[in-house]
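The same chain A turns up in both complexes below, where it pairs with chain B and then with chain C.
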Partner chain A sequence: MNDPDVLTVTVTATGLAAAGEIDTSTVSVLTVALESHMLDSSEGDVVLNMAAVEFIDSSGLRVLIDAHRTTAQAGRLLVISEPSIVVRRLLEVSGLHTHLHVVP
Partner chain B sequence: MSELTDSNDLGYSGGPTKQRVGPVEICIPPDPRLARVVRLAASAVAAQIGFDVDLIDDVKLVVSEVLLALVEQGDGGRVTVTLTGEDAAVMVSGVAAASSFDPSDPGFVLSRQVLEGVASSHQVSFEGGQIRLSAVVSDITS
Partner chain C sequence: MWRAVMSATGEPLERTVVVAAKPQSVRAVRGLARAHALALALTAERAADVELAVSELVTNAVEYGDGTDIHVTIVPTEADLTVAVRSTTDETRSASTAAETASPSTKLMPHSRAGRGLRIVASVADEVTIASDGPWLTVSCRFAVRAHDAALARTRRTSARPRAN
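Let's look at the complex of A and B:
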């Protein structure tokens, strides 16, 4: 009974773009998209646009942390671009905004 | 012509109020998909006491973290969440049966980190085979 409209992750010219709500019920969509993208593009930054993310909790943060580690191990960088207010808020309260690469 | 003397007659409180909303008790199976339902209820409680959009987002985040922690640390049984809005604050409390509790679990540590950053206070206890987690989001401007 998955609701495909709750979270969508699309491939864009610059990387990936997430839209919707990221929680435990949807986070696998983001995980799979990030893993696929990292396999498909073997070099360069992994850019994840989060401008249209309307909700995110720590289950989403865990995926970002894991992706950050995986990309770093491969000599690459996970870039979180245009985080929405809720994403920015969560990164700040968790203290991760200083560890993850975030661009306005 | 009738005169409106109570702004609540219009269903609009015009800002944080002293009215009490709830408690609203929601008992759900540990299905992550149902977190949205609880977040919606929490949004309604927060809106009823006049929270603005940013504070409502904080309440939704707190609810999600409480549920996430209880589902992951619980035994797989039902989780009960109680929402109460009063005195420019929303209290979120949850309880789940658990045979053990690991406060050093990385996921739980991250949830607590988020709760510390968003909630004005929060508490965790493990007693009598139950984990209880509660947090309060306050409007400090009122």
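Let's look at the complex of A and C:
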């Protein structure tokens, strides 16, 4: 079961914004939000703002990888915008900062 | 459940927490590890690495274990902080396969979903040890106190010292 206070994903004018902690107990919130957003918006980039993410581990990374694949298959792009320090750190140590589309 | 081993002066030498093999346990344990890291005066960045490593190890224990409780032991010394996560495991996750996954020489595809947790731990910790004992698998990660960590600790102690009147 997810704790809604630990991770929230909101729809913004530019896409989605995640805030809080992303781990195995909360990651389904992000999964559902991304899947819903991709269904609701059938074209264009999928922008995920991660400025307010306070923690993320490989559970969250797996969702980003899946979303990257899904959007690419649909001819779209997953854009990770304004990654927080912890997001940036995880992308770097996992080596995925060069494979995922990240904008400051 | 907590168990603490104390020194002759009453200082805790190590602390073991036993948690249920559930996703909700991950957050609690990593918060505890982070608190220990900060208390040891690791920098905030290093404490975040400790938190990340512990989250990965406990997540692995939850995902690959058989539901038996997970034992997490935290051992702080002046020189380093070691966190050991002990859990039961199935035959597919032996110490040797875990070590192979963690090894930088094992190639992971850029978009591979599996095997990233241990690799991340190996990337942020100074040392990772993997040992099996029957059905138990123990993965330990050690974070050394570096020179700048120690300098920060001295600064904190000086700042915290009460002023003489």
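Everything that follows uses one rule, which is that the second predicted complex is superposed on the first by the 102 of 104 C-alpha atoms of A that agree within 3 Å, B and C clash if a C-alpha of one lies under 4 Å from a C-alpha of the other, contacts with A are read in each partner's own complex, and residues count from 1 in each chain.
FYI, contacts are C-beta pairs under 8 Å (C-beta built on N, C-alpha and C of every residue); 3 or more make two chains touch, one makes a residue touch a chain.
None of these values were measured; they are calculated from a predicted model.
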item	value
Which of chain B and chain C A:L39 touches, first, second, both or neither	neither
Which superposed partner A:A13 touches (first chain B, second chain C, both, neither)	neither
Touching partner for A:S94 - first (chain B), second (chain C), both, neither	both
Partner chain(s) touched by A:V86 [first = chain B, second = chain C, both, neither]	both
Partner chain in contact with A:E21 - chain B first, chain C second, else both or neither	both
Which of chain B and chain C A:R69 touches, first, second, both or neither	second
Residues of chain A contacting chain B in one complex and chain C in the other	1, 3, 6, 21, 23-25, 55, 57-59, 61-62, 85-86, 89-90, 93-95
Contact footprint of chain A on chain C as seen in their complex	23-24, 26-27, 30, 45, 48-49, 51-52, 55-56, 59, 62-63, 110-113, 116-117, 119-120, 123-124
Residues of chain A defined as touching chain B within the complex	1, 3, 6, 21, 23-25, 55, 57-59, 61-62, 85-86, 89-90, 92-95
Residues of chain B touching chain A in the complex	31-33, 35-36, 39, 54, 57-58, 60-61, 64-65, 68, 71, 107, 110-111, 113-114, 116-118
Chain C contact footprint on chain A (complex, rising order)	1, 3, 6, 21, 23-25, 55, 57-59, 61-62, 65-66, 68-69, 85-86, 89-90, 93-96, 99
